[in-house]
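Consider the two complexes below, in which chain A is the common component and chain B and chain C are the respective partners.
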Partner chain A sequence: MGVQPVRRRVAGAIAAVLGAAALTAALVSGASAGPSDQSARGGTYRVGWESSFGWTNSFDPTGEYLANGFVIYQNLMLRTLVQFNHVAGPAGNIPVPDLATSVPKPTNGGKRYTFTLKNGVRWGPPVNRELTSQDVKYAIERLARPKNGAQYGFYFNIIKGLQAYGDGKAKSISGIKTPTSKKIIFDLTAPAGDFPMRLTMGAAAPIPQEVAKCFEGKPGAYGRYVIASGPYMIEGSEDLDISSCGAMKPISGYDGQTKLTLVRNPNYRASTDSRKARENNPDSFEFIVNTNLDDIYDKVGAGELEDEFATASPKVFAEYSRDASKRKYLKSNSADGTYYLTMNLTQPPFDDVHVRRAMNWVMDKQALRKAWGGPIAGEIAQHILPNPMLLGKLNGFQPFKTPGDKGSVAKARAEMKQSKYANSNGVCKAKECKGVLLISDVRAVDKLTLPVIQAAAAKIGITFTVRTVNGAYPVLQTTSKNVPISNRPRWFKDYADPSTFIDPLFFGGNIIPTGNTNYALVGVKASQAKALGLTGNVNNVPSIDGLADECRAKTGNARVTCYAAIDRVLTTQVAPWVPYMWAYTVNIIGPNVTKWTFDQAAGLTGLAHVAVKG
Partner chain B sequence: MGRSSFRSGTSGRCLYSRDDRGSRARVTTADVAVGPAVAVAGRSPRQLFWMRFKQDRAAIAGGVVILLLIFLAIFGGPLAERITGHQQNEPFPETMLDEFGLPFGPSSEFWFGADAAGRDLFVRTMYGARTSLLVGIVAAGLAVTIGTIIGLLAGYFGRLTDMLLSRGADVMLAVPYFLISIGIVAACSTTKEGCLGGLVQPGLTLVILVIVLFSWPYTARVIRGNTLSLREKEFVEASRSLGAGSTRIIAGDLLPNLVAPIVVLATLLVPQSILFEAALSYLGLGVPPDQASWGQILADASGLYDVAWWLMVFPGAFLVVTTLAFNLLGDGLRDALDVRTDR
Partner chain C sequence: MALYIIRRLLWAAVVILIVLLLTYAVFYLMPAGDPALRFAGKSPTPESLALIRDRLGLDEPWYQQYALFVKNFVTGDEFGWPGLGYSYVSNISVLDEVKERAPRTLLLIAGTATIWLVVGVSIGVLSAIRRRTVVDRLAMGFVLIGISSPVFWLGLIALFIFWNKLGWTGGTGYVPPTESLRGFFSHMILPWCVLALLFAAIYARMTRNTLLETLGEDYIRTARAKGLSERQVIVHHALRASLIPIITMLGMDIALLVGGAIITESVFNIQGLGWLAVRGTLDQDLPVVLGVVMVATIAVVIMNLLVDIAYAFLDPRVRYA
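Showing the complex of A and B:
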């Protein structure tokens, strides 16, 4: 591995702020250190995948929004201008240069980012040529064209001219310039301190036009033809005939349904990469779909698989925790995600902040966490954003803390007394509190939390009519359904910036009729009610839009402090959620794994650093 | 039994006796009249039915178990709550779930142990009897009623009526009912009001409707076949020649002769409906999660059976016993009502 002279300049605007935390992380991270010499190389790292691949866009990086997809792209297949080191703890959330020579500081009042690409990075077979700034530009243009199915294109709307290009009003994106094949300049409409992090996502990874042009307007189709720029490529890529669109047949190493095999990309040069970011130990990776969850864990235990992308159940936790010989195969890491109950600010009785606060007081968070497997599944959440996302700025902030986190009926009723719905005892007798619609999912764990929620809410006089839906998200995401409360949502960061919680979940301006993720409708205005099909109380709904606008433009420590302030306001003054757990990602690994680490940014296994017996 | 019963049956009154193997063999009054003169008492069809039925100990046992289950369905849940002091949806996460959220097994306080949410499994199993039997009996009753009406109309009127109704039943039989069930329940379960303007409510009602929707064609086909045969019988001809209208013939002549298959179909459909609900629950489409049913409990146990055997054993045993009881009763009724059937 060659030394990269620019590595000392890693610290961009955000990275500088996170530096201190990184030092701490190096001390507290639960990831294994393990060998990193040549002896770790070789072998096949096999991963059992629960039920189905479950892609959101058929593994096409332009639209793929599945975390499992992110971890494969970022660790193994695709290189981006900026990336993470794929390690555990806060250090894993610091952006570092990947294709770029450095993470640039913004200029022009925070609205311009200029990247210089490294030399010597080549596309994998069959493209084989040098990777250029035009490939980066093409990827952004591709996601801007609506017909290509970008699912998180909103993160890039801040690029000047992107919206006009997407609407067909311009022939190019005015905010992207490529003065040379190794230089790319982004001009933004407003300062965005997290812009480099947005470029870590799969959709921003360069794409070779000569291949992808054949799949224009066919969302997801490129997923069977993804050309590698990273250390691994889809097995059989070298056999792909790109002489014409008609000649192309899907790459053999990915059947689209049951198995994805990655092998080394012969064009990858480790000298253009950082060993801190990617070690590339195994010779190949296999991702194998298995519909039998028990079978996945049996195979991991037997050494027939090395890892799993599956949901470990409490019985698996118990098995691996109680047996001392197995304990070393159990890995639990904070995943920067929050599990919560969401309450709709427009729907009675949750249109009253005192009711929402009372729900926070009365809920038995300890019991809710047990439904997920107890302490090994996560930490009790005391506010909205996981503490690591705020670099510990809200450590100790516990506005609804109760003994043992089991809830307090007395405090809940004291809060309820101030509500327009409750009587003097703090118990709601109003009809608005009876039979309130609660949307849940058919998943076993969601059903397990229901009795806890129902028993707690009953103590303040709220009863529910429960509807379990097979796939509840589309219902929740349709504003006209006017769902008062749900136990289904959980949210993980898209990248390591608090804005990935605040903007999609609480910004009133982002509320849309379908696909809406601001389930609580924080910040909704009366003028939006008709278009959104809202039936509840839309007057004077609390908003944090102004605060969010302020934070979005900030960088560094000021940015994190700003978002911490929003969290305080949300948790105490708005109380749209009952956050109950900051989730951990739990992995069970096989006995042949010789090195394993957690990718904090992706929230899954750090595939770039794993090793297996050859 | 209606007054027209058995008019289309075999000639001569039939009695039954046990043969050497213990099974019943059919004999006629002519057989028993051989030998010294013995006074043969005349028996009504009801007496004949009862005489045959009471000899079937398995069927009697099935009937007794069903009566017990009905008692359990009505009083079991509240009684269990009173005895244990535990509500059916009351979780005991601190005492009945371990640190990983796994439930503890049977104890002196929790006779059947706890379910995965830490609730008293005994109380929930007792309440489950109510839901499961309600689903079974109501759904079977409705399905048999609808199936009988459609089968009678199709079989009696024939021609276009038969074609339309029979093809309708065929279509329903051809429908992949699990897929459609998933669709219907999902479509009607996302709002408090249900669907079709509140006509179809989510929950128990919807589950029963789904079961009925896919169960009536079986009854309709059987009843249609029987009606096709019966409508050609002399007693129907006689009624018709005396001026009886279609309604009179269907209600007064045909229906009473269809009681046997109807009763048998109903008893067989009850356990099928209970199992159907269990299957829907397994897919997460059954009754609401706060309403215990055996199917629901078993569905929830599917991921934990290897570490919490009690989750499968207790509700499973009740489900098996119920299914067996209805099947035994159905078999006994069929044997007792249908004089042409030998065991």
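Showing the complex of A and C:
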């Protein structure tokens, strides 16, 4: 998921800093509560959705990877063994039991998790029966079968026998046992302290086989037939004929393209749930696609919509942050995501840690953030993982902190003096620093950050050849492109565990030729170079693989402490990134909203707790 | 005439095939990347990418994909005829998506064309027969404003005034006439008028120019010399001849709007074929892009044909053998 300025008179600078701090404090403090804190049952909570739903798997939970999809499943439609309370701040990142009676401690050396399901949880219409451990097992089996298009099935490969089952070498997953209809046991191939959190994701939500079997091998097709286990279901679910696959017609409340309507699930029993997790105040939810972004915000302002899944323009931010009467409708919360420049550890001049550190010292993070809209867009990132994800363990850790976060040429050059590429003045004169390829995207904001990056790097003698492409990720994700640096990346957690940053972004063993997300190639080995098509310096690339292996097995506080240590190492000793902003999620809500909260785990509105005038 | 139409239809098929071939080539020669990555999550494996490419048919060379698309189009596929495949993103048959979106665009075009034709031609005629008068100057002022105003700006201003402030019309969105006729007109009146303004201005200027040119022809002088009333001269002789270039342009403009009313559809949240095309392009959803291109191409071909046929009725000199 960027800031800037110039040296002026001291008084002006202080005033600006205080002003920004006050604004930021005012905004971020709006994490929970709304225009008034009264809850009220009833009414329809209407959400404007920008441009198109943009699903990654047509709303089929097995593969759907869109954050908006996650928040709808987790807050409203689907219950999972473990879930979050859908509230703001670190408390919202702590797993709590949902279908399970408790969040179990692992046994068998951290490799076994045993869950007991609550009684009385029933599927919504038209399935209507009691939900069992078999339904959980079926969901995991479904995602294990490659033809069903699971998009984050890798999180579950740690279940013993899942890979063999997916490869067709076993008839069942040996690591899943369901001794009773209310008990399910997971055996893992290695300790994974975050396993309960992995089970909070939509793909792990139980699925009724009697419906989903009709969509075997058709990724996404189940998306228009999703059966609810949570407090809300797709409108018209009761009319779905499940007597045969041929009889099934898409549920009427979701047209697949422009509107999704959820109504109360008559089979939901609040007694089986926690009010801390779900209050279920509105009678219905409507998610409505609108191609006119301004119109979405006009309608929110006019009370014709309650909320938005959209990207507000700086004009909207300014309107709501400057007008005191409107400020209460502006909500800004940490999205647990980092915006950064990535540097390829195999490509000169970034194969030299001193150059990478110098880039961290010289970069004007303030200006980069301004390109994204200023303080309202996020907090200046001082290291890699957002602080809420480390439960505050690295608060105050600011190894490249400079006055006003504008960068320091003196410190950058001091660092550069240690580089093989630089002269005694700390400026790179080597040919490796001239015309370095920088991949950028056509998005307007990427273009705005380019001059900032170019100006900063020039101070230590690095110049760029910028190549702007429409869709930079596919280029970055192809290792044979050997991209030295890019300003495109940003990363958000999948669930509230630091491993969702460390493993995909820095673990050497996860580097693949296409679709690679470890853009910096941290931990790549010389033996991988040929297969990956690497052309740069692949010898002695720093690795954190050993540290990551250690952290993965830990649980609780020890786990977070372990990942905080990796962040320290990465930020200071490896320096593969210039992290410049920890993004906020900004919501504008309507005047009819009587209760609003932020779901820290999902990074969006806590739909489970909102209320609207009936 | 029948032979002529058959020959034109055969050529139309060739044109459609060439346009589709170009669309395929553009999609594959200037890609934003591998479309399979769009559906593979944040950490895809080579195996998962291969499976997706296989499922979407992206593992075949583009020309084979093209041949398969043409075959399915001609013979139909599991979703009916013509076979347009299914959207990678929504998992819905493209044919169904086009059927769902096309009425919105067609109704937008129908209303808009009616307004621009009536307003544009009327102003053009008035301006021509009242040449160099205040009426003419006012009419040409209207033309200047109409041509100069960007549709997105005009749309936002119109929404602000007539919906937001005055509350005279419905806001954005589309209400099917089958659901509420009042709602339909209330929501469509602004997009009709906004989109029509540009075209009306162009048509007014064109009508004025061609009519002035025609009024200078010898046969008009002859008609007047025969004692016909000025009304008869203008309506039955001058205007009829002046309509030929207007009809030509009308056909082309209507056809182009089938896939080209993107800005109006976006501003007024109509979600017609233009929206579908934009969505398909941004999502690298090739079947959707192809579906819209196909519809738009067919519209251009059909409108061209209708225009040519109309010539035969409007211009006595035109006869198709």
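Assume the second predicted complex is superposed on the first by the 576 of 614 C-alpha atoms of A that agree within 3 Å, B and C clash if a C-alpha of one lies under 4 Å from a C-alpha of the other, contacts with A are read in each partner's own complex, and residues count from 1 in each chain.
The rule is short, and it goes like this: a contact is a pair of C-beta atoms (placed from the backbone, for glycine too) under 8 Å apart; a residue touches a chain by one contact, two chains touch by 3 or more.
Please read these numbers as outputs of a predicted model, since none were measured by experiment.
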Of the two partner chains, chain B (first) and chain C (second), which one does A:461 touch, if any: first, second, both, or neither? neither
If you stack the two complexes on chain A, which partner ends up touching A:494: first (chain B), second (chain C), both, or neither? second
Contacts of A:125 with chain B and chain C, given as first, second, both or neither: neither
Specify the partner with more touching residues on chain A, choosing between chain B and chain C. C
Classify the contacts of A:475 with the two partner chains as first (chain B alone), second (chain C alone), both, or neither. both
Touch test for A:253: chain B only (first), chain C only (second), both, or neither? neither
Just to be sure I read the superposition right, which of the two partners does A:154 touch: chain B = first, chain C = second, or both, or neither? second
Let me test your reading of the model: by the given contact rule, A:439 touches which partner, first (chain B), second (chain C), both or neither? first
Partner chain in contact with A:104 - chain B first, chain C second, else both or neither: neither
Output the chain A positions appearing in both contact lists, the one against chain B and the one against chain C. 469-470, 475
For a test of understanding, state which residues of chain A touch chain B in their complex under the given definition. 293, 313-315, 317-318, 321, 364, 366-367, 370-376, 406, 435, 437, 439-440, 442-444, 447-448, 450-452, 454-455, 465-470, 475, 481
For the complex, give me every residue of chain B touching chain A. 89-91, 93-94, 97-102, 116-119, 182, 186, 189-192, 202, 283-285, 288-290, 300, 303-304, 306-307
Residue ranges of chain C in contact with chain A within the complex: 32-34, 37-49, 51-52, 55, 89-92, 97, 100, 156, 159, 164, 171-173, 265-271, 275, 279, 282-283
Chain A residues touching chain C in their complex are 51-58, 60, 63, 65, 146-147, 149-154, 218-221, 223-224, 256-258, 289-292, 294-295, 298-299, 302, 304, 469-471, 473-475, 477, 494, 504, 510, 512-515, 517
